[in-house]
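Two complexes are shown next, each including subunit A; its partner changes from subunit B in the first to subunit C in the second.
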Partner chain A sequence: MLDSLLSLGGLVLLRDSVEWEGRSLLKALVKKSALCGEQVHILGCEVSEEEFREGFDSDINNRLVYHDFFRDPLNWSKTEEALPGGPLGALRAICKRTDPGPVTIALDSLSWLLLHLPCTTLCQALHAVSHQDSCPGDSSPVGKVSVLGLLHEELHGPGPVGALSSLAQTEVTLGGTKGQASAHILCRRPRQRPTDQTQWFSILPDFSLDLQEGPSVESQPCSDPHIPPVDPTTHLTFNLHLSKKEREARDSLILPFQFSSEK
Partner chain B sequence: MFVELNNLLNTTPDRAEQGKLTLLCDAKTDGSFLVHHFLSFYLKANCKVCFVALFQSFSHYNIVGQKLGVNLTVARERGQLVFLEGLKSAVDVFFQTQEEPHPLQFLREANAGNLKPLFEFVREALKPVDGGEARWTYPVLLVDDLSVLLSLGVGAVAVLDFIHYCRATVCWELKGNMVILVHDSGDVEDEENNILLNGVSHQSHLILRAEGLATGFCRDVHGQLRILWRRPSQPTAQRDQSLTYQYKIQDKSVSFFAKGMSPAVL
Partner chain C sequence: MAAVATCGSGAGSTGSAVATASKSNVTSFQRRGPRASGTNDSGPRLVSIAGTRPSVRNGQLLVSTGLPALDQLLGGGLAIGTVLLIEEDKYNIYSPLLFKCFLAEGIVSGHTLLVASAKEDPANILQELPAPLLDDNSKKEFDEDVYNHKTPESNIKMKIAWRYQLLPKMEIGPVSSRFGHYYDASKRIPQELIEASNWHGFFLPEKISSTLKVEPCSLTPGYIKLLQFIQNIIYEEGFDGSNPQKKQRNVLRIGIQNLGSPLWGDDICCAENGSNSHSLTKFLYVLRGLLRTSLSACIITMPTHLIQNKAIIARVTNLSDIVIGLESFIGSERETNPLYKDYHGLIHIRQIPRLNNLICDESDVKDLAFKLKRKLFTIEVDFIS
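Let's look at the complex of A and B:
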């Protein structure tokens, strides 16, 4: 399921922590999109363009469009190089594109945007982008938009995280044990029950995804069929069972708070 | 510098990695020995060091530095060390007229806005000198400590922006290193400090966390040090992600040992 996250489109939330960083997985998913022939836009706020492109070969790098908000995001240098409109302006500009093909937008990171923009503004922009309705007057067909948002969980309170979570079609929470990384994937498909799954994985040096069998592949424990279930009433010194007569008497009892014609 | 700590980090002054941000964090103990270690480490590596010292006076760092084999007065005089003594220059903000904004200009403002003047001080201190031969290997920014800025009224996001700009200039543009100390108050209610600590943690390549022992004070074991490597250049680096050692601070050195292996109990 981890390698098909982007097939649904919409917002994919990558929740990472200090212990289990998520940028490697973000880059692996970006590489996957590029290999599928999609156009990939990166809103880079936390790392430099060189660092983000490191590890990708030239085929992948040629498909990546990097919007640099790392060097001077707050325009302290007061030069003309600052991108107008900030990150949200860039996001809207990507959405107004004329190319109808599918596009993936990677937000590195959503945490940076959430710390610098009002939560409501950010949520509205994400809703508009991931639901493809930010171009009301544009009659040209718009392709599938997938938004990958990297979120550092510890930086935000439950309110903003909950708001972003409610917007997301898919949530991936990174964790792991004993040096092996895992992704807990919660998927919300329209008109279906949410599904969740835990996938163990590693990222190879070329940022390919290597799915693995981890300590626990299934998210729910299954009982061992060879051991019969133990009856907890076997060694009791008192009787918990009811005879047939006692059961009938109990079922026909009228409780004090029940209204009946006899009372 | 402490040779045993160099061994644990697998580094020496002449072959240290560049372009890295190291976070020093202390919880229920004093982690300043790590600051003194890195100050002497980078001076011995012949780096140009900008030290934003907000916590102690110059003479304090100099006295400890001399025990570790570096003379801060000489380093400052020959231009290797640029030292911002926060305790002294904070007073200058109020009693001296300045032409250009003072690095600690935010102290004068009712609402402490951003730390752009402090960033410009750092950039000016570490920018390469035009012409002439390069005297120093690479630039290093040292900050002790960032939590003081929160106490002085600067918001956590403003401090994170300052670190971001310093990282863009010092680590990325100038290929230098940064070493930042942030205290962990352990108080879940202290949201600003938690945002600052976690925000810098996510930007860091290496985190050294000094913690007091859970059982309290001990004469022979002063604390434990957790080393966490993050953001390796290759996603599947072979070295261990996290190591934990206990330590004892002596007059001129710090000895490290595995948990429970203090010489006093063996």
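Let's look at the complex of A and C:
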């Protein structure tokens, strides 16, 4: 399912952490959508353009449209090629494009945007971008838009992360055990139950995605959810069981309302 | 003075009264019979609004929430002038259904709708409303689902419903005068019902430009616009009695979706101590003032699981009249718990108002669970726990 993440459209949130980084997965998904022939826009804020393009071969590099906000984020050099409005302005400009066809926008990273912009503005902009294809009757039919956002979840409190994940159509949380990375994918379709799935994967050096089976089952020692049932009749201050003598005494007892020969 | 002079020689006060009565042919006993609509006195005219009924307990005018089971738990329905707040479940699957049932009930009863959302276009929301069940046959089988007791009373209910089968089938025209309808969640409302209804939509991205400066301690611009919109509609269509209405008096049903989420421009879900953390509470206060002075009822869904500051949730609960929390079992450990296997989640009734009363109409049952069957959303008493 990891390879069909972009087919659903909308906002795909990649949550990574220090141990399990997500930029390689982001680049793998970017490469996949570039190979499918979609238009790919990158908003690079956290790493330089050379570092992002490293590892891609030249035909993919030619397909990527890179908007650089790393070198000069506040536009102090005032060159003509600077994009007006900052990263959000670039996002809106991508939305207003006129040519149809599916578009993938990769945000590297959403954490950078959260630290520089108010969370509400960012949420509104992401919602406007990712739901653009559902507005009817508005000039030309535009293709589906997928927004891939990389979020370093350790940098933020539960508030912004919760707000962004409630907006996201798909949420991929990276984790893993013992050298093997896993992606926990939570897919929210509107008006349906969310589905989740864990997929083990690894990224090859040329940034293609290699899906794998999970690690072997017996090497998971402490994931046993079954606790042995505790016997509640131990350690009681009163006695629940009868000894043999007591049982015989009980059986030979004459009940008061029974008429017998002695009475 | 003139009256006294003309009958000053009369026998007494009763005599003078009779004299004046015979003079002007008007008695002091006036029959309050059915009058033509458009008169301005209270009394039996209140009952003439379709889709409403007075409460049997305190005489408040009630509208149906769209789910008869929920109406029963709330003491008959939602009182006019009050706010029903629904705390959304975590993945926002079941709260839109309650929202849509409320709006669909408004369309079927002929009320005016006002739908406000920052997420979806109100026209799209109206397209997805559930279809009302019009057939009495299907009403019978859903009666026995809703009352899930294993007592002989359910047999009696079946018998009563069987008698209704002999009556001619109720054809529901554009407006139905029944209180509370059942809705089929798997079908869409027929298009002609939507077109015959009067509705107003408020979609935030269309109404607001993104570069407004907000001064601190005031309402978020989105909320200001929404309040102005609601106030305009109430004033122009005469729900507060300001414009004398030529046609029949009607009820305005307001539905606000996802209030408090970041898409409305409010940051209570993002930060614990935001810059305008009083924005939502001020909005609710002003909204309640607007509602109390007009013939309207409001439903609000709010993602309270995202709100970081728990004090805000407490204030919001105090500022609303009825608060219902939905807790779905998806993703929690209760999903696999065999005790809950028939249900999809729990309903918590957190607050019921005391309107013109000293006590509120609390139901005795506290453990309520809901399930969404193939067609119907039912609320049942959870007998297990």
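The working rule: the second predicted complex is superposed on the first by the 202 of 263 C-alpha atoms of A that agree within 3 Å, B and C clash if a C-alpha of one lies under 4 Å from a C-alpha of the other, contacts with A are read in each partner's own complex, and residues count from 1 in each chain.
In the analysis below, a contact is a pair of C-beta atoms (placed from the backbone, for glycine too) under 8 Å apart; a residue touches a chain by one contact, two chains touch by 3 or more.
Here the structure is a predicted model, which is why all the values come from computation and not from measurement.
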### Task
Identify whether subunit B and subunit C fit side by side or clash on subunit A in the overlaid structures.
fit
### Task
Identify the partner contact of A:Glu154: answer first if only subunit B is touched, second if only subunit C is, both if each is, neither if none is.
first
### Task
Based on the superposed arrangement, let me know which partner A:Lys178 touches: subunit B (first), subunit C (second), both, or neither?
neither
### Message
For A:Pro205, using the defined touch cut-off, is the partner it touches subunit B, subunit C, both, or neither? Pick first, second, both or neither.
### Response
first
### Task
Using the touch definition from the top, say if A:His127 reaches subunit B (first), subunit C (second), both or neither.
second
### Message
Going by the contact rule set out at the top, does A:Arg23 touch subunit B (first), subunit C (second), both, or neither?
### Response
first
### Query
When the two structures are overlaid on chain A, which partner does A:Leu74 contact: first (subunit B), second (subunit C), both, or neither?
first
#### Entry: Winner by number of subunit A residues touched, once subunit B and subunit C are compared
B
### Message
Just to confirm the geometry: in the superposition, how small does the C-alpha gap between subunit B and subunit C get, in angstrom?
### Response
12
### Query
Of the residues on subunit A, which ones does subunit B touch that subunit C also touches?
157
#### Entry: Complex contacts: residues of subunit A adjacent to subunit C
118-121, 123-124, 127-128, 134-135, 157-160, 162-163, 166-167, 188, 191-194, 196
### Query
What part of subunit A is in contact with subunit B in the complex they form?
18-19, 21, 23-24, 27, 46, 48, 50-51, 54-55, 70-74, 76, 111, 115-116, 152, 154-155, 157, 179, 202-205, 207
### Message
If we count contacts the way the header does, which residues on subunit B are in touch with subunit A in the complex?
### Response
114, 116, 119, 157, 160-161, 164-165, 168, 172, 191, 194-195, 198-199, 201-203, 207, 228, 230-231, 233-236, 240-242
### Summary
The subunit C residues in contact with subunit A across the complex are 91-93, 96, 118-119, 121, 124, 128, 205, 210, 261-263, 265-267, 269-272, 303, 305-306, 308, 330-331
